[in-house]
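Shared chain: subunit A. Partners: subunit B in the first complex, subunit C in the second.
Let's look at the complex of A and B:
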């Protein structure tokens, strides 16, 4: 006999767990299905967890969640081959409650988060793959898993199955993603003792730093790198659009090796022992790549709905928020006994009018723009590095002459015009 | 109706565990806790016998509270009921004290429902002794059938079981009275991918947990560290073999090279105490 639930959530990541948590808390009979051995075992992110959206689900979670370090400093490094321009902000207000954000290791964090949903009454089944949605009369009525007698039914199915969402695809909600809509990130967790980390990053005990890497970190390919401090490990990774890797014929692990050996990065990780190697896709197509997010008996949340703000490296927070909105829509649908697309569209309305939808819209052209005009990464960042080097090298040349030379180095009048135009364009897609 | 008790243990996954080079102890945090792989086969065999002859399968474990996870794994495989004995007094038990504690629990289970058969895995992957099963059999005065790789027949009415025991050069067929205890080899069966019904049953399942006080006629001196005469004099991680030589080329070239090496090193074939001819 196949069981019927009020709601089945597919995928135990931030979106799926948030949704299951809220539903279970409201007394809904919810089943959370995870393909990995445990939640988090297959989940990857650079490692920044935003406090606000997590707190919206579990108040004061930092008191018991397995977090690495609260982040007190965020740096941005514009890298050339042997140089970097660094800007950043460090503030002690981020080092105390309620904090701003944290570094986390997903294998630990997601497991804990899921256990909280289970405490609320959600049922969690691991090591189970959902093969497809069961559709009857155009309505999603359940899921087919890969287990014997594996059909399960529900009033509504929430797809939180991640970036490649094969389930949403099989429902025709989106097409196969193009290589310029997804990034591939590879990262290493590098073990280093606490004290060394704190010394190298100029940190008080149990405070953390994030460094975002631009330019030569990805060999000028559109993408970013990152170096984050955990308790006794560092997370170092690079992510670039698939299209960039294909175009430059670079393998993702070669890029990671390159950044590990970069003179701006190497001193941070020297003596560290790589203990884990991870890779994952990131949906970076933005607003224009978003699939249909609500249908008859089905909702799509998190990465599956392409909810990533690549410019601000946000994703898990958008995922959590979408999970919450989905739960809200399910509760409303349950109250009315109506799980049609029209009823569930409440989710879409809430999502798109919130900061999630607003930010998706704000940056709707950014990835595409920077992908189309690679000069930002492969030309202007090296140019800026050179300018800084010239300006701050004291060699008896007057500062006026230096400025003239820097301006001359930009190139012909035409190239100067181009620079101005590119600056304007960049401002336009980011404004 | 056949009532089978499968004894199981949660163990650190020794395939990936790291040894602390200073203290020479296992760094348990470095490896996830899993159901002892041999025990999965024991539970699976119990479930198969249940399907063949009807009856119930109970699993029993001794361990700290997180070991509930191992019991849930057994429910996924198809066990009906799970019992766990958990108490600080059990801590530090060797195989003698473990078999004593498990025996006391089995006696209690028998009062709920009489036990016809006990199945254990061949051994645990963290202790590698294979002593607990026979220890339980001895205490319960049951025939211990070790190295079982096939259960040919069980006859509850007439009270006998026929099994194949694995030997170095084949197997032997033996018949035993019941109740009896079997410890089983891995090749006795393959543990299939669990059904969704069992998965759902497992996530909802809460085992019956007993402390020492819940058991009857327990002599506390026989429990835990106190009841364990085993002394571990030294633990060390065996050094990984180093050096060696890689032979290259196709199979016939490699065979030839290997043969030449072996012929040069005649000492490898010298029989101790023999004349070597």
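Let's look at the complex of A and C:
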């Protein structure tokens, strides 16, 4: 099958499908290659899909896409071993059009999304691994697949091959990632009937909650846990930097069991039946780990370009936006008949001046900072829990005396200075 | 589930559908490194599917249960694991998440 396409997109996730969708819609002859049995069969995420970036691709998608629940409440739990400080926001504006975000199950959602790209005219080929890019005179001209006679040619190749990003690596666009540039997340889908979910999370039908878990959920290692409501399942997961698991010699599935059995979590999932277990990596190196994203005849999008905002649990939305920008660059290149790096760099310019690039830059030092100074997770969260417990436990001690004790418990004058400095530093890397 | 109950990795893996290839997509390149130069054998700890198991003198690679996450390739302190994708359509098949 030595065929020639206008464009080949490698990987049918949010980035690749968005790109293929836009190109097909514009009449471009585009091939979308997926290594799994179907799109979504290799893909995992906690489950939050943001409405805005999806709507930018398919208007009013919520009327037909396989979604779980629109999220009306987002909570954050700062956990100690047997306690938690919870903050959150719940708003009814999120429960109606145009919505803010939805939980989704990726195996269902990605299949549907890919089928929409096919409706537009994209050619989807499943069960096909791209082994390498075909490079001629320093220019990417196609891909070599694991099919017999599997060389395929195109004017431009879009690499949407996910977090491992092996193809961009083989082109020399980035080095192998380090264990502190990726997080390893494990997750379980837990079956529970609708009514029980709605009772436990204080929801009306067709409303959902997300809870992010900090502190003891990762035993103080840099990372987060999450508990999201789907229609008749819960998604419960935990992710930490791979370097953290290595340093502390922790088995990821044992950490997941620890979260499941945590007294702040267990009541939510009691009686539920685990129906699937999933593991996946998340690119968390941020801006500084981003590879080169445009070359002669090639673009890199989504996770493959490390486009994740770990602080705000955003990824699929950045992926979709990058896929759209890539499509735009391909269309421009096609119009001019110029697929050189200089021409395709339009993608990089658009990406970096959009919210995607801006947010990547804003948080460029955050993962590294919280990795370098573990006290935020393993010291200050327990300290805050203890302070709350002391302040709200009525035992005949005056509130002034309680405040004095809490302040004393922070430690020596030097430790108090350190706390102030750490607070300033945290503000600085997040501002 | 009111009492503390821990599910084993075997029980978790039982929930997953695999369409295993007949050939491994994971290869330990130099067995001697695992045997003589890697006292921690940390891949046996951080692999989320317990694909790597140390058996006396050699590393057993249970590729059939691999989630294809890529952690072992990045986390091996000796870069001793050759990591490829399984043949198209093979390997793990997520049905939900």
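We adopt the following convention: the second predicted complex is superposed on the first by the 430 of 431 C-alpha atoms of A that agree within 3 Å, B and C clash if a C-alpha of one lies under 4 Å from a C-alpha of the other, contacts with A are read in each partner's own complex, and residues count from 1 in each chain.
In the analysis below, a residue touches a chain if its C-beta (ideal position, glycine included) is under 8 Å from a C-beta of that chain, and two chains touch if they have at least 3 such contacts.
All values derive from a computational prediction rather than experimental measurement.
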> A:124 contacts which: subunit B (first), subunit C (second), both, neither?
Replying inline: first
>> Touch test for A:278: subunit B only (first), subunit C only (second), both, or neither?
In response: second
>> Output check: A:188 vs subunit B and subunit C. Expected answer is one of first, second, both, neither. What do you get?
In response: second
> In the superposed arrangement, does A:20 touch subunit B (first), subunit C (second), both or neither?
Replying inline: neither
> Does the superposition put A:236 against subunit B (first), subunit C (second), both, or neither?
Replying inline: neither
>> Residues of subunit A touched by subunit B versus by subunit C: which partner has the larger set?
In response: C
> In the superposed arrangement, does A:10 touch subunit B (first), subunit C (second), both or neither?
Replying inline: neither
> What is the contact status of A:331 with respect to subunit B (first) and subunit C (second): first, second, both, or neither?
Replying inline: neither
> When the two structures are overlaid on chain A, which partner does A:149 contact: first (subunit B), second (subunit C), both, or neither?
Replying inline: first
> Given the touch rule stated above, what does A:307 touch, subunit B (first), subunit C (second), both, or neither?
Replying inline: neither
> For subunit A, which residues belong to both interfaces, subunit B and subunit C?
Replying inline: 128, 145-147
>> If we count contacts the way the header does, which residues on subunit C are in touch with subunit A in the complex?
In response: 1-2, 4-7, 9, 12-13, 15-16, 19, 40, 42, 45-46, 48-50, 67-71, 73-75, 79, 85-89, 91-97
> Which part of subunit A faces subunit B closely enough to touch in the complex?
Replying inline: 3, 31, 123-125, 128, 145-152
> Along subunit B, where are the residues that touch subunit A in the complex?
Replying inline: 192-197, 199-200, 203-204
> Taking the complex as given, what residues does subunit A use to touch subunit C?
Replying inline: 35-37, 40-45, 47, 105-108, 126-129, 145-147, 163-164, 166, 176-179, 182, 184, 186-189, 233, 235, 242, 245-246, 249-254, 257, 260-261, 266, 269-272, 274-281
